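To start, the structure itself, in structure tokens.
Labels A, B, C, D, E and F are assigned to the chains in the order they are written; within every chain, residues are numbered from 1.
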Amino acid sequence: MNIEQFLNPIILFFFLGVLAHFVKSDFQLPQSITKFISYYLLMSIGLKGGYELHENPITIQVLLILISSLAGSLLIGWYVFHFFRKRTDIENAAGIASTYGSVSAVTFITAVSFLEQHEISYGGYMVAALALLELPAIIQGIFFVRKNQPDQQLGLSALIVDTLTHGSVFILLGSVLIGAISDHDLMEDIKPFTHSIFKGMLCFFLMDLGIVAGHRMSFLPRLGKRVIVFGLIAPLVHAIAFILVGRLVGASPGDAYLMGILGGGASYIAVPAAFRTAVPEADPGIYVPLALGITFPVNILFGIPLYYQIVQWLWQ
Amino acid sequence: MNIEQFLNPIILFFFLGVLAHFVKSDFQLPQSITKFISYYLLMSIGLKGGYELHENPITIQVLLILISSLAGSLLIGWYVFHFFRKRTDIENAAGIASTYGSVSAVTFITAVSFLEQHEISYGGYMVAALALLELPAIIQGIFFVRKNQPDQQLGLSALIVDTLTHGSVFILLGSVLIGAISDHDLMEDIKPFTHSIFKGMLCFFLMDLGIVAGHRMSFLPRLGKRVIVFGLIAPLVHAIAFILVGRLVGASPGDAYLMGILGGGASYIAVPAAFRTAVPEADPGIYVPLALGITFPVNILFGIPLYYQIVQWLWQ
Amino acid sequence: MNIEQFLNPIILFFFLGVLAHFVKSDFQLPQSITKFISYYLLMSIGLKGGYELHENPITIQVLLILISSLAGSLLIGWYVFHFFRKRTDIENAAGIASTYGSVSAVTFITAVSFLEQHEISYGGYMVAALALLELPAIIQGIFFVRKNQPDQQLGLSALIVDTLTHGSVFILLGSVLIGAISDHDLMEDIKPFTHSIFKGMLCFFLMDLGIVAGHRMSFLPRLGKRVIVFGLIAPLVHAIAFILVGRLVGASPGDAYLMGILGGGASYIAVPAAFRTAVPEADPGIYVPLALGITFPVNILFGIPLYYQIVQWLWQ
Amino acid sequence: MAMAVKTKLEIVIPKPDLHRLKKILEYPGVGGYTIIDDVKGQGQRGEKDNLGLSDSFTNVMVIVVCDTEIAEKIKEPIKALISRVGGIAYHQEVNWI
Amino acid sequence: MAMAVKTKLEIVIPKPDLHRLKKILEYPGVGGYTIIDDVKGQGQRGEKDNLGLSDSFTNVMVIVVCDTEIAEKIKEPIKALISRVGGIAYHQEVNWI
Amino acid sequence: MAMAVKTKLEIVIPKPDLHRLKKILEYPGVGGYTIIDDVKGQGQRGEKDNLGLSDSFTNVMVIVVCDTEIAEKIKEPIKALISRVGGIAYHQEVNWI
């Protein structure tokens, strides 16, 4: 296996953060800084996506990519729910289902910087897809819970508004929009902020996220072996399936790669936020550690280079 | 009317922030980040002004600009006080008077980036003027209150010290000074920080300010129609008057434009800070929403391009 | 004497911060921002050191520099302890000893940017030395206390782990490591973050540190004249001694200069952190004000240019 | 209102549920409240370390001083909320200055 | 001083007025205080949301534990301050450890 | 557990010593605690202004609600900790909701 990722400072900083937790370092960024940098990253990637969306209008091809990704996301949510339904209570099964059906913005951002470093292009609509695919699997998961509790209303529109206005989704969508409609000359002035310092900010952010992941890993022993094995294998299976679908619908290598990242990623920001509101009975101490403590590291360490090799091999 | 401002990402991010408030998004930057970015912006603009102050020594021409701006600022404070004196209590009339007599640093910064984008030059002393013009209208407003309360002392020197040492005034003045005396070669090393990422930081800051403005707008219904109409029209009138004065004293187009911005802007940082200390009876729930919820958006959305057209027309 | 440092914006911002404290300005950065920027600075300098460590492998020459600096650091700790042992209680004597035996990361960073501005090269191992030299004098100081309290165990390994995992030491060491092993092409992408905006961030940080220094200076009157005179003179003596040793072991001018900075610097981050844990009886209100309120300003204002002249003179 | 005896309620709940608590505190007679943002904690539901981006591991503390009869009225809905989302609440008498 | 009964005062005031409160707390016998910075709140003067740059919409909470006679002495100036600038204050007995 | 009378302990200590306090609070029967991070203060050992990078001038406040017998048990080690590292602690009765 390629060791390239082990020499990538972005990845190394993530593991430095994990290490900080395990050696009980008091190195820790205040939550305000974590928020600042995460919003910065989402704003930057959003502006970039919007900018390119403007350049390359949406085609049938693009619609196929979006629709098949949406279908795949719901399919993952559906099978994961039924898989865990037998093993845990309904709320937590739904939580895990939404986690894997939804997407991971940070994995996506890390993958985009991997693509750029290999000079592979991708469509700006993929960033819009990132924002939009956070939602459906969340709604589906909450629906699974509610249909078993006929006394509670689904409150679908409230739920959609809630998810779309969640801080991280909101700024991503807003930035895509601003990127798409802004005057391009004026956008140039922002690039030193959104582009030049981006990778450094990402290093910094991942170090911080590593600490959070380390904290969440301490919940893992509670989860049981089966669940952990799922967290290790599922991202790879989902990602490869999405890449194959990308091949079938005729996506470009870069787009198919990012489809894999969308499929393989597990959400640990939008899902807990929505579930805390809609299904407070689901325990974030289960689905967040799974997504952030296992699936995220698997994706950035092994997934990102592996999916790339698969794409190269399928498109050669 | 020119729609250019509607395609300016800086402005769009402000309105994204306002929107975040109204759709009840939980997107919100911690106050520590707001402080950090605002100090960054003030430091950057201050260094720039100081640097240019050093290059272009002060002339009679410049003194005329400063003196006429000072007179204009006091005149605004005087008429606004007497206008509102009949409609509300003395403390709040004074608060509104100081708000409009004083200046808005963020409007100024946004206007400067508008000037730069249109490649119009302006004098570094205008930044010094920004810092210095925060003060007189505040003192005048507090004087209006105190002369009606003969038992309380004016404490003029304490008041001046208080305002000049208020965080945002202090860093602006300090940076102008450092910019003026620093070795120019050493200043070059700081430019990637103070110049390159400036516009991006401004976008970020305005998004955040949009949220604050949104919050403050919820106070507006309490203020009454008359007051709101005042907040809509006053900035345009004040700005145009200042630009005309600029024409009379022979200012350059860039300087006159910024005089307009100084006249038209309403202070929502230095004034509440000073009034909380000196006149705690004045309600920041009145003058802050007026300045930030109405006058600021009017200025950046309509004022900034309008004043530019007026300047072009007057100087053609 | 050369007034160059008085025109250096980095230094001027430090004194602007000190001034902010003394004029009772409410200008103050939240602690979260202070942490963010300090971690940023340590990460940047660490990556840089690691990168260069990778380029220039360690030689006998380098080992000589490291060993003589280590010896010097312990010697300082030893004599300072015995000097203060007669004048104050054992815990505080040990605190001051560790403070001066250990090193000051911010002084080092400021000195590095001084070197770069004068285009003098230095070895990446000096950054590793900075990280490693924080430790020995701390252990020595704690040992002085413990050997007088035979009932308490030294807990040496716990102490080493504690110091090496202290936030600021941890990120510095971690970044040196990542800088040394990372793919160099990938490192290039991070440079706009770690290099271009570095000096500006340093200005900002020093302004903030100036405020903290101002606060700590208010403890100084308690310390007595002798202690203050020590804080004024010790850095110069230590630094010059270290530079001379550097000359003897055949260090390059840049390396010897930084040896001087290591010797002359007094620790106000790692030492209080370690002592709060290991010797809570020592009063940080004594050794922190001494290091931050006196020795640090002496070093950056007088030391940095003076040591440079000495080096030039010795190596000419 | 000097020296009147009042009831002080202190409530710790997960930050994402603050809006639910605020709704309860709209009860007429509750004159106000104070919010200490972003507190950490340890309880039956594990550690809240105030890390991460979803506020799922962050608490807030809310302090309400009101008349004792009013406190009696809002106690039940607060108790119900806590049993659903986690947290604690307790009350004491205080002397209003 | 173990187990002594003391009075605990809790005061919430606008952040820009903290220096006025600190001056009151310089009263001899007040051994110390603790400040919780940047709290939010709701009261008669509307919402304090801890947003913006002037600290005008930010509160602080101050906790003072002192002898009951001392508390009696500083109550009046605190009350006067609050009636001028807003906020609340109340006190209780506590057992000092 | 409704309306049970419990003891509330409030402890202010230097932030670097929080891990010591947490160890005391591992005592069986202490069901949980709440931590207010980064508080400022004034006491016998001078001002804690929450500035700087070593947390040496920063306090934390910890709130523990537990049965009165348990509180009696942990009081002594808390007192010993405070006398070593500084800070204050006190307790009161509260009514658990």
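Everything below uses one rule, namely that contacts are C-beta pairs under 8 Å (C-beta built on N, C-alpha and C of every residue); 3 or more make two chains touch, one makes a residue touch a chain.
Bear in mind the structure is a predicted one, so any value in this text is a computation, not a measurement.
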item: Chain-contact steps, minimal, separating chain F from chain C; value: 1
item: Whole-Å gap between the CA centroids of chain B and chain F; value: 45
item: Length of the line joining the C-alpha centres of chain B and chain D, rounded to whole Å; value: 39
item: Interface hub residues of chain B, defined as touching at least two other chains; value: 26, 28, 30-33, 35-36, 167-168, 192, 196-197, 273
item: Multi-partner residues of chain D (each touching 2 or more other chains); value: 36, 38, 50, 55, 92
item: Chain pairs in mutual contact under the definition given at the outset; value: A-B, A-C, A-D, B-C, B-E, C-F, D-E, D-F, E-F
item: Parts of chain B lying in touch with chain E, wherever the complex brings them together; value: 28, 31, 34-35, 38, 167-168, 211-212, 215-216, 219, 268-273, 276-277, 280-281, 283-285, 288, 292
item: Residue ranges of chain D in contact with chain E within the complex; value: 2, 6, 8, 25, 31-37, 63, 65, 92-97
item: Complex contacts: residues of chain E adjacent to chain B; value: 14, 16-17, 38, 45-47, 49-58, 84-85
item: Residues on chain F engaged by chain E in the complex (per definition of touch); value: 9-10, 12, 36, 38-44, 50, 59, 61, 75, 78-79, 82, 88-92
item: Footprint of chain A on chain C - complex, ascending; value: 30-33, 35-36, 39-40, 43, 47, 161, 165-168, 170-171, 174, 178-179, 181-183, 185-187, 189-194, 196-197, 273
